[in-house]
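Labels run A, B, C and D following the written order; every chain starts at residue 1.
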Amino acid sequence: MRLSIDCRLRYDVRTPTSFILAIQAADGAEQDVNDETILLPPGITADFIVDAFAGNRFIRFLAQPGPLDIGYVAEVERRSVVDQRDFIGGEVVNDLPLTVLPYLNPSRYCPSDRLTAFARQTFGARPQGLGQAQAITDWIAASIAYEAGTSSGATSALDTLVDRVGVCRDFAHLGVALCRALDMPARFVSCYALDLRPPDFHAVFQVYLGGAWRTFDPTRRAPLAGLVPIGFGRDAADVAFAATFGDARFETKSIAIRRLETSSAPGN
Amino acid sequence: MRLSIDCRLRYDVRTPTSFILAIQAADGAEQDVNDETILLPPGITADFIVDAFAGNRFIRFLAQPGPLDIGYVAEVERRSVVDQRDFIGGEVVNDLPLTVLPYLNPSRYCPSDRLTAFARQTFGARPQGLGQAQAITDWIAASIAYEAGTSSGATSALDTLVDRVGVCRDFAHLGVALCRALDMPARFVSCYALDLRPPDFHAVFQVYLGGAWRTFDPTRRAPLAGLVPIGFGRDAADVAFAATFGDARFETKSIAIRRLETSSAPGN
Amino acid sequence: MRLSIDCRLRYDVRTPTSFILAIQAADGAEQDVNDETILLPPGITADFIVDAFAGNRFIRFLAQPGPLDIGYVAEVERRSVVDQRDFIGGEVVNDLPLTVLPYLNPSRYCPSDRLTAFARQTFGARPQGLGQAQAITDWIAASIAYEAGTSSGATSALDTLVDRVGVCRDFAHLGVALCRALDMPARFVSCYALDLRPPDFHAVFQVYLGGAWRTFDPTRRAPLAGLVPIGFGRDAADVAFAATFGDARFETKSIAIRRLETSSAPGN
Amino acid sequence: MRLSIDCRLRYDVRTPTSFILAIQAADGAEQDVNDETILLPPGITADFIVDAFAGNRFIRFLAQPGPLDIGYVAEVERRSVVDQRDFIGGEVVNDLPLTVLPYLNPSRYCPSDRLTAFARQTFGARPQGLGQAQAITDWIAASIAYEAGTSSGATSALDTLVDRVGVCRDFAHLGVALCRALDMPARFVSCYALDLRPPDFHAVFQVYLGGAWRTFDPTRRAPLAGLVPIGFGRDAADVAFAATFGDARFETKSIAIRRLETSSAPGN
């Protein structure tokens, strides 16, 4: 599937401010990024950096006071999604590759250390691996209400478990935390999403099952096949769309994802 | 300075359990590890793995039910510690190397996102960089009581800030969180420590200042020159001395650090 | 001082809903309430109830679905405020009257049990009683930023201590919690306030000193002499302006406090 | 049923300390207290005070430095417990007596304001009143593990809901919080309990149903008929067995409850 992405952000910069943006589509195993353009005002020079650990792509620059408009436009070719029935998972920790071990640890928004008893009690009887990951996803979808404005940057998976309400970021954090509590490596994925209403950034989570990262979306607000991952992290703290160091006020954003005709892309 | 390390751990393993140990002295910039021996029971085969991101060394193995004795014996040569007056720091985020950026993010035990107002109010007037890091260390030393048994694996830097009591791990977490809240990359360091009473694992923190990681110990319970780092992490979740996946009960530990005569080591 | 109060509330009631309102000025030691009128729609019969413990006045009724307008109009005569220098306080708990003992206990928004170490460290050297209460008030005024919209109904004094931001309710909760942590009985006071900008309900706190309840306002947003207490509680949970049991949405409120000419009130 | 109670407490008093003890059996509707003796060291004069709101009985005295032994010995006649099937409950808030309204509010250890969504989701379909109170009790008994030493004086019902472990005090707090979240007045009851193993103070909770307070014990560790209530509160903060203001270290306690032969008590 070919998708076009158009993302625009506007800030009011009050003092010289370092920006670190994570808005570029991930380039790698599941998708190829073509014709990518980053729009920055004249006079701004950016570093384009790739995190050696997770492969995340960041744009870093220093902005001077004044209005700031940023844009990202790209075409992405999504590969077909693997049928989830093909992987059962349930690896023991001793057999996991080194690179996934950090995703077993508790993190800022996913304090999995406190969820062990709840997770075992609620999901422990399900088959290890895919069975538990799917049960967790279904349980979140059934138990947590999706409601805009109900959480903040301080909301953790514990809060969401208690309050039973949140947005996509909170749903993903709870999924990550519950999987880790059952000794399954899990990570947070920021993404663009086709057919998300209203259009916005989105967040889902991945679990390491059967030798690869598999995607789950407990919000059920957009088709998995139309997701375009941006960054992969322990939780949202690692892949904030924009981290600012200085005084810059976010003003507006506009995001549009469209499906492109395959016929316009010879060879696909 | 040459130091000998002798560390023994005993577990009662109830079910087949994966262990991931982080008890080996770090081998790198600040110290060289010589004559290292890991003692495992017959029949156990371990992976010796090095985390590509932080260079941490882990020992991973699967243990069967029964008593389990683990040992680590090594000689370490510490290089001389740099005079802290030589680095001022205060780098802006835009000039930081990519590898230190993750240490700006909030983490499980260091929710720095909630400490910004407190940190700016209390330390914001101090000179950026070393001045603030030193002020934070001094403030923790003066404000937080060191008392064994007052915190648990669920205690975060917010708890320690409120409760004003903790152990070395909590002191380090609070230092890390406050530095990050002021946009300074900071990390947790698990270590061995000469002259620590009673002998035990220890924890301190490092701040990225003037192009390198500098060490601070707000507990002031052991000389900086006698610290032997083991692992570097976002917080204690990344460098637990022993993470177990299964059912294994920790029983006892015994740790001994001694200073070796330089004369016995020709060439040093 | 004579004051007129005019308070209007509007709700959209969705299901039959029990209301418990605490909007009437307290009638007692510090003020007399005259010419009080409660405006309720035709067909609603209210209970006017007085809490035997704290003397709080509540209006309770059952509202049927539809728009609901409530009004409260009154004239209040405030007695002169005692000069705070006249009471030193510092009573030991053994000499306190029985009725103030419950105000030593931690409560929902004032978990004073966790603030003992901080309070002793920060205020313990000040003279017991008025000295400490005044120091706490000054410290809150200097340390906590007043900013609308920064807290919610779930915010406790611990959050405010960490986040260093809040509104009048949060300032009062922190004052209450810190005083209790030093073994001083303290309570939350909801009130009307002359010259508060913008006009709204207000909240302050009282400490039991020298045999009586003394008032402190760490927000410093309105003169103490123009405060008109409504209710006294362990914290805001006891004296919510409106508690609703059912489904009723708060829509708007309008509050006006005016000072009346003494000459227009013969006999005063 | 006639029961004898023997309770002994020992403290090491370091500085002059005010004690407020709540260890006397409640004297009233459900039981009569006979032959009560309070044992205090020579030279200590106590106030015996009764809280006008809840009828709780407190012993208050000032102790000087030194060892302190306190004893309470009494005979209590329990009236027969009402069959729970006789009360359905489900009163609407508008019909509740004034004295029970405070038990609808969130409190220190029972932050019911945050449990509304969970309680409605989990128990909302059960019949209002007894049906919900019984379902909550059964759910706690099935979901929370009883384990000594797993909680502290800072543990709230939110913590217990997340961690799924606690002691009798935590079980009672969770029951109280969940009932209040469904608009049922609920209170914490400290008590003595026949056949509790090991002998100790105990805690249960009561819900206001069908015009009276009904008792529930989600720990199921002692028969309801053998409970001897001591105090009734919003939560444990109101009825601590011993609150001390000064520096006094608790050392040991010894509690014995025995059933007395009815034949030895002519007239019963």
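Assume a contact is a pair of C-beta atoms (placed from the backbone, for glycine too) under 8 Å apart; a residue touches a chain by one contact, two chains touch by 3 or more.
Note that the structure is a prediction, hence the values are computed from the model and not measured.
Asker: Thinking of C-D, which of A-D, A-B or B-C forms a repeat of its interface, with over half the contact pairs identical?
Answerer: Looking at which residue pairs coincide with C-D, the repeat is A-B.
Asker: Sort the other chains by how far their Cα centres are from that of chain C and give me the top one.
Answerer: B
Asker: Which whole number of Å gives the spacing of the CA centres of chain A and chain D?
Answerer: Computed value for the inter-centroid distance: 47 Å.
Asker: Quick one: chain A and chain B, Cα centre-to-centre, how many Å?
Answerer: Here chain A and chain B have centroids separated by 30 Å.
Asker: What whole-number Å value describes the gap between the mean CA coordinates of chain A and chain C?
Answerer: Each chain reduced to its C-alpha mean, chain A and chain C end up 44 Å apart.
Asker: Among all residues of chain D, which ones touch two or more of the remaining chains?
Answerer: 114
Asker: Would you identify the shape of the chain contact graph, picking one of line, ring, star, complete or other?
Answerer: ring
Asker: Can you identify all of the chain pairs that touch?
Answerer: A-B, A-D, B-C, C-D
Asker: Which of the residues in chain B end up touching chain A in this complex?
Answerer: Going by the criterion above, the answer is residues 18, 20, 49, 51-53, 58, 60-62, 92-94, 98-99, 101-102, 104-108, 110-111, 113-114, 153-154, 183, 234, 237-238, 243, 245.
Asker: Okay, in this complex, where on chain C does chain B touch?
Answerer: Checking each residue of chain C against chain B gives 114-115, 117-118, 121, 143, 145, 158, 161-165.
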